[in-house]
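Each structure below appears as structure tokens.
Both complexes below contain chain A, partnered by chain B and then by chain C.
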Partner chain A sequence: MLSSIVQALLNGLVSGTILAVPAIGFTAIFAVLRYPNFAIGSLATIGAYAGWYANVRLGWPLEASFALAFLGAGIAAVSAEWLAVRPLEKSGALMMAICSLAVGIVLENMVRFGFGNDPRGFNVPLMRDIRFGDLRISPQQVENFAVALVLMALLWAALNFTRMGRAMRATADNPDLARLKGVEPATVAAITVVVGGGLAGVGGMLVALDTAADPLTGFRLILSVFAAAVLGGLGSIPGAVVGALLIGMVEELTVLLLAPNYRTAIGFVVILIVLTIRPSGLFGEKSG
Partner chain B sequence: MVNYLIFILVVAGVYALLAQSLTLSWGLTGLVNLGLVGFFAIGAYASAMTTKWAGWPIPLGIAFAILVGLGVGFLVTISTLRLRDDYLAIVTLGFAEVVRLVASNEIWLTGGTDGIAGVPSIVPRAWGPNYHITMLVIVTGLAITVHLVLSHLASSPWGRALRAVREDQIVAAVAGKPVVLLKAQAFSLAAAIAALAGAIYGHYTSYVAPEIYQPLITIYVFLAVTAGGVGRPLGALIGAYLLIGFLELTRFMAEVVPGVTPVQAAATREIMVGLALILLLRLRPDGLLPERNQKAPQPAAHPKGTTP
Partner chain C sequence: MSVLVIERLVGGYASADHIVKGVSMTADAGEMVAIIGPNGAGKSTALKLATGLLRASAGKVSVAGVDVTGASPQAVLAAGLVLVPQERNVFAALSIEENLAMGCYTTPGQVRQRREAVYARLPLLAERRRSLGRMLSGGQRQLLAMGIALMAEPRVLALDEPTAGLSPKAASELFGSIRGLAGDGVAIIMVEQNAIEALDVCDRGYVLVDGQVVREGAASAIVADEDIRRLFLGGRKGHGQAGPAPQSSPVPAGMPAASSIATSTATASTPSQQERQP
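Presenting the complex of A and B:
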């Protein structure tokens, strides 16, 4: 029993680290643009397919496929932002959220139109699990874990040491003050959407690497993404990371107790509990 | 052909009920219910389970569905009504998914993915064409009744208070309106209307299963309400019929495109639905029948020289 708990925690650590990638994307877009982008699931799906296309159709190595997943989803995100969501800025966050939901449906079905409903597997070698005593982990999991970590380290460096990263944080903190200091809000918003969408795309590919890419890959992810972001505090990037790790572990632990199908329902329960007890989440700003 | 047309009109009536529900929560009160389909499903299951398995009479089953919708609507709002409105959007979106998960997995309760077949019908199916016509009369009558009640409520002091909450919660609170209570009332009542629509639809099609309650249905209703006029119950009613017309049109359009697989045709339809909503929000967010400003009541005129 103890070893199965430790195994679940290990799996949760890996899946939570992967979940952190799209959760950062979602929360970053919320922090700068002030609306929940419900297209995040479809953006993850686009990333999964872009990565699959590069890996299987073009025969690229996984590293380059990740880059295409990031770019594909990032470009889709910023195009949708400019064409559909941004014109509604004056109508308020709720209208933008509803619009992003419609965008998500359009994007998901464009993928379905192009690739059909069949699952698409990546071209990765089958390898024997690595074992430590009773614990086991697949080399693919280790690699995905490493990719997620590297990406988060890059993002952290970009946010802290580049001019644009500081401008993004300043805008999230106080848009008026940032403008006063000469930050161009439109540029910051565009770059945030590219990066946020791109992170969702890489997240989608990471998930698809474990199983396969299909048009609902991203949709299955969104409850966990929302839960991670709300638990960490909407708009907080460190919060999204911690939230994702906790959600990943709780999901894996509940698989021990409940039917595996309920895995995704855990996210919803966590959202309800957090909003009732501490709506600002673990690291959040006040949310009134 | 005529039967098909009647079938479509019955479905449109069900959507008209859903559109009234969304008008109450979103249009009048500003509460986005992205889990509308979840309440639709709950109503369908509540009435189907009690009438088919417990042998309740149908009116009782439908009444039970409305009560369950009311109660669950209240539960969903408890944690979010004090927060920013986008939290409610996230919670309701998740809620509909959880309803589908529970419906698929709790086989002892819901029949699992097989669903519940042979849900009793409101009037005997043996009536043939008359069955559909009778149902059309019942559903249309119900949609109009709900619409009239909602219009009345919308112009009542309660409806004005809801709109005040929608426009500015702080001002409404300063004016002494119980903001959280009003939101909870509006959302729960709207959930009950959606549950009623679900119950009727389940009895009409005689089949209730998780796969029916796709998130896309919620988008359809948003499309109907946006097309007809957000905040105008009559607009939402008309919008529902426009929606069904549009959906049939997309079916036709997707079929005439040559060399398209069935999967691609289905995807094309959904793309058209999504694009229609995006375009409407952009070009005509007030819809066909924009909400009218209610005039403040005129103080009674007093003849000169007399004191009021």
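Presenting the complex of A and C:
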């Protein structure tokens, strides 16, 4: 039993780290644009298919395929933002959130139209699992874990050591003052959406690498992403990482006790508990 | 020649909402100008209109001869007029060092050099350069807000209630720092609820009532004016001579009838007044 728990925690650490990538994208968009972009699930699907197309159809290596997943989802995100969501800015965050749900449905069906409903596997070699006593982990999981860590490190460096990164954090913290200091809100918003959407795309590809890309890849992810962001505190990037790790581990531990079908309920339960006990999340600022 | 010229400025939070009704003001280089008046008189709104945060529906604003009427906050900043808002005037999630860097966001090549100059002027910021904005006390935050503004090397510094919420000691120290800036040639235009203290350190003053300037002149003359003192300064004659604020007072000739003047007298100078009353 103990080894099962440790194995579940190890799996949770890997899946939580992967989940953190789109969760950071989701929370970053919320921090700067102040609405929850539920199209992030479909953006993850677009990233998964863009990566698959690069890897399988074009024969690109995985590193280059990740880049196309990031770009494809990022461009789709900013296009949807400009065409559909931004025109509703004056109607408030709720209308923008509802619009993003609709955008997500449209994007998902565009993927279906282009690639069909069949699952698409990546062109990766089959390898034996790595074993540590009773514990097992696949080389692909290790690689995905490393990619997620590298991506988070790059994002951290960009946010802390570049002028635009600082402007993004400043805008998320105090948009009025940022504007007074000469920050162009539209530019910061566009870059945030491209980065947030791009991260969702890479997250989608990481998930698809572990299983396969299908039109519901992102849809299955969205509840866990939202739960991770809410648990960490909407708008907090460290919060999204911690929230994703916790959700990943709890989801894996649940499988030990309940049928795997109940795994999706974890997100709902976490959101319910957090909103009841601590609506601002673990790292969020209390309002009022 | 005045470095800041505001002429017949009109505007408010909505296009039809005229909180400020034709305000004209000037500030010379190195001069400190106080704007006092009751709550709701339009003091802060006038600063927001001048600095481009709100769009003026009429009037003209120029900084060092550059017309910035209706310009964006970025353009006003580039002209040399920098606003320090009353609230949320620092980036709470950024360190002091990063806050200062945001102060000259539009001129990134100057960050290092200007930051050292600000540290030299405000050494407390240098001591706590790694601290986050949210970790600072009220007075330290105001100093940081001024430091951020100084990073833009302003010609005119517009301060919206810089001493709000500060202890008398912290307020006095802050006024000293502001005086030092004026000594270096920066024009200061300052909205203040601590009217007596503000007039004590300023060269000139404007009294705003109901969106209009009802009195202007040397700060010492405003403090000495019986009507102004009775209406806006709680009848006080200066430090240590506080008297009770009147419950009702006639509006002097030449001032617009503002029904709220009498009842808002206490709020015009309330914090320090209450602290000093025996």
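FYI, the second predicted complex is superposed on the first by the 286 of 288 C-alpha atoms of A that agree within 3 Å, B and C clash if a C-alpha of one lies under 4 Å from a C-alpha of the other, contacts with A are read in each partner's own complex, and residues count from 1 in each chain.
Simple rule for what comes next: a residue touches a chain if its C-beta (ideal position, glycine included) is under 8 Å from a C-beta of that chain, and two chains touch if they have at least 3 such contacts.
Since the structure is predicted, the reported quantities are computational estimates derived from the model, not experimental observations.
After alignment on the shared chain A, the placement of chain B and chain C results in a side-by-side fit free of clashes.
In the superposition on chain A, contact of A:Phe226 is made with chain B only, not with chain C. Legend: residue contacts after superposition of the two complexes on their common chain; A:Leu216 is shown touching neither chain B nor chain C.
Contacts of A:Phe268 after superposition on the shared chain: chain B is touched, whereas chain C is not.
Using the contact criterion defined above for the overlaid structures, shared-chain residue A:Asp176 touches chain C, although it does not reach chain B. Of the two partner chains placed around the shared chain by superposition, neither chain B nor chain C is touched by A:Ile137. Here chain B and chain C are compared by how many residues of chain A each touches, and B touches more. Contacts of A:Ala167 after superposition: chain C is touched, whereas chain B is not reached. After superposing the two complexes on chain A, the angle subtended at the C-alpha centre of chain A by the centres of chain B and chain C comes to 90 degrees, rounded to the nearest 10. Touch criterion met: A:Asn117 reaches chain B, while chain C stays clear of it. When the two structures are aligned on the shared chain, A:Ala259 is found in touch with chain B, with no touch to chain C. When both complexes are overlaid on chain A, the residue A:Glu184 reaches chain C alone and has no touch with chain B. No C-alpha atom of chain B lies closer than 18 Å to any C-alpha atom of chain C in the overlay. Interface of chain C with chain A (complex): residues 51, 53, 73-74, 77-78, 83, 85, 88-94, 98, 101-103, 105-106, 108, 148, 152.
On chain A, the positions that touch chain B within their shared complex are 35-36, 38, 84, 87-88, 91, 93-95, 97-99, 101-106, 108-110, 112-113, 116-117, 222-223, 226-227, 230, 234, 259, 261-262, 264-265, 267-268, 271-272, 275-276, 279, 287-288.
Of all residues in chain A, only 163, 166-167, 169-170, 172-174, 176-184 touch chain C in the complex they form. Note for the complex: chain B touches chain A at residues 30, 32, 34, 78-80, 82-87, 89-91, 93-95, 97-98, 101-102, 104-105, 216, 219, 222, 261, 263-264, 266-268, 270-271, 273-275, 277-278, 281-282, 285.
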